[in-house]
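Look at the two complexes coming up: chain A is in both, with chain B in one and chain C in the other.
So, the complex of A and B:
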């Protein structure tokens, strides 16, 4: 039965998550003069040299690639803040620090295209890697608590973390739900006069009359 | 809407927050519908007016870009507008394609369930009808016509089946991951008889059974992520 389900069916791909993260806004300092942009996703600008403005990340990266702006990394992406976060993550065995929903994707995007705008980029990068590792370790430990009593599981995690554990969590909860649900089991055991068989393919028995 | 005169520091940011809460753009709505559609096990209501509006916006923008090019507008500006169009087109396409995949997968189930059939757009219904005919014909020609009489249905295993047991149905018992927009108190997530309601605060993410939260997704209080 488990072989039939499609565990990847509803998952987002990494590229799709990055796409979503690109809509988050970020501050840039343009070095060009450009009129206001009235885009489908909102109005941005006008752009004046040295005057900071908020734009979606995809727009920031597009300008950055052409050398038309510098990107101001978000507050949480400083060595100081990240060190605090990492310490707090290590101190607590079960709770997670508040980070932006798309922190993994945003930091990836900025590391790829705006390295020179991030102070202490190597340090920042390794701190984010460490935070990711610590969190994943905790997530793994947390998943051991999953049981047949679990009807709701709190996952206040980031988009990428949620996406990575999705197949396992939803699959596991589903299996527990099925096992813990009397009606679903009764249904496959109802025909008592038949010899016990692998109980997973109820309807197929009809063929064997 | 008195925000123009209200430049006080504290009041202004509260106002700003309120504005972002109420003013949701079509781009945001489309993104939300796309996410929900991708993550829900069954097909959701077709967002016909949203799709219509998005189409018109895309068309309008394409015309604008055409004019820009003719007027010799700065190529950078043009390319930024083009990127914005491309992103919206991608979302719209992926949304429609996700729905087509679900229709292909559950076509017989959708056809016989009136509540689901009415969720499809007219074009989708046309597509579903044709897929159903083709699939039926294919099954009959390749297998069913060669089987004994009692096994000839493409919906049932044999004539003695009471239900249509060869029809793929979406698993509404499956778990989905969702995020709440605002505080939701006393959600009945546990139908085992034990009273165990769940309180969800804004921004909380939970893995829950799709069936138990279905109405909240349809009313837009919960988002699938």
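So, the complex of A and C:
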């Protein structure tokens, strides 16, 4: 799958990522009575007042805008959880905490349309901002280690973070690959460049669990 | 030619390289000396790379190492690669370097390119993701075309993310939708 807004199809726009994030499910408490909805992506409902149910975020936001439900913010979006995550992010220089793949987009969607359903919304918002800033900083310092020996990177990054750094990283890696071509480099210099660097590999974790 | 449709590849081919004619050539003239339509052997000229390459393959000229890969530049890159003004020396430093290595087989240039990129890459990374726009013009003037491209890619993706986060119109109305339909048959 590739983005539509970029002619080369190599990156998504932020709005496209937001669109993809809207397919994640979230719990809502409806206040209307409605039959089961049978959609291509699955069946949702039936909707009964005060009975919680799981729906995609786009549906939750649409219902919320019409005043037909309250959204229950996901577990990770509580002040305690986010404080923990932020502390853990600050403590470890190289590893990234497990957050939902679309946490940037989901939080923005909920902040825009469901502010009254999130307890301590200002606190949550600033925590997420802080987490995001810490993570971007770590990504930046991690990328400094990129070199011609970098073949694969596995990080616990979210969709938006990957998307922001993608053009730069792919461009940089391509150039490294091109210049690191053994045809161009003197044989005698290669052992020096080929130091085993276990510490240099940086964080290696699954991109998505 | 590696990438026929790649504009950067074509422009990199335009870079001048010093060459020495090995044979006398009739029917051509240098711009500076217009007395005769003939080039003597051992006359030094600067040719665009694409021409020098073809002539080199036909053993009509011998290509020398361009001044941007000379000893002085090497020392400067070794000392502080991040602040060497490569653009004024050769705006396609890396592209031309790769081509020159393949042509004359001087592999020290290849290592120089890698070392240069490794040191300068970090600077580009830091500047692109953090620096305020007021800082950049001076720094940008040092970068080669390849590095500028990388810098712009990083800058624009970061900027796009920021504008999205600041908010803005969620839905963009297609221009067609705003218009009122004209009644037919008037």
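Going forward, the second predicted complex is superposed on the first by the 172 of 209 C-alpha atoms of A that agree within 3 Å, B and C clash if a C-alpha of one lies under 4 Å from a C-alpha of the other, contacts with A are read in each partner's own complex, and residues count from 1 in each chain.
Note that a contact is a pair of C-beta atoms (placed from the backbone, for glycine too) under 8 Å apart; a residue touches a chain by one contact, two chains touch by 3 or more.
Just so you know, these numbers come straight off a predicted model, no measurement behind them.
Once chain A of one complex is fitted onto chain A of the other, the partner contacts of A:144 are limited to chain C, with no touch recorded for chain B. In the superposed model, A:14 lies in contact with chain C only, and not with chain B. Once chain A of one complex is fitted onto chain A of the other, the partner contacts of A:133 are absent, as it touches neither chain B nor chain C.
Once the two complexes are overlaid on the shared chain, A:87 sits clear of chain B and of chain C alike.
Look at A:116: by the touch rule set out above, it reaches neither chain B nor chain C. Contacts of A:166 after superposition: both chain B and chain C are touched. Once the two complexes are overlaid on the shared chain, A:180 sits against chain B and chain C alike. Applying the stated contact rule after C-alpha superposition, one finds that A:58 touches chain B and leaves chain C untouched. In the superposed model, A:37 makes contact with chain B only, not with chain C. On chain A, the surface patch touched by chain B in one complex and by chain C in the other comprises residues 166, 178, 180-181. Note for the complex: chain B touches chain A at residues 25-27, 31, 35, 38-41, 54, 57-58, 61, 74, 76-77, 79-81, 83-85, 87-88, 90, 94, 157-158, 160-161, 165, 171, 173-177, 187, 189-190, 192, 196, 198, 203-209, 212, 225.
Only residues 94, 98, 101-102, 107-111, 113-114, 117-118, 121-122, 125-126, 128-130, 146, 149-150, 153-154, 156-158, 160-161, 163-165, 167, 170 of chain C touch chain A when the two sit together in their complex.
Against chain B, in their complex, chain A makes its touches with residues 5, 10, 12, 16, 19-20, 22-23, 32, 34-35, 37, 39-42, 58-59, 62-63, 66, 68, 151-157, 159, 162, 166, 169-170, 173-174, 177-178, 180-181, 203-204, 206-207, 209. Residues 11, 13-15, 18, 104, 108, 112, 136, 140, 143-144, 146-148, 160, 163-168, 171-172, 175-176, 178-181, 183-187, 189, 193 of chain A touch chain C in their complex.
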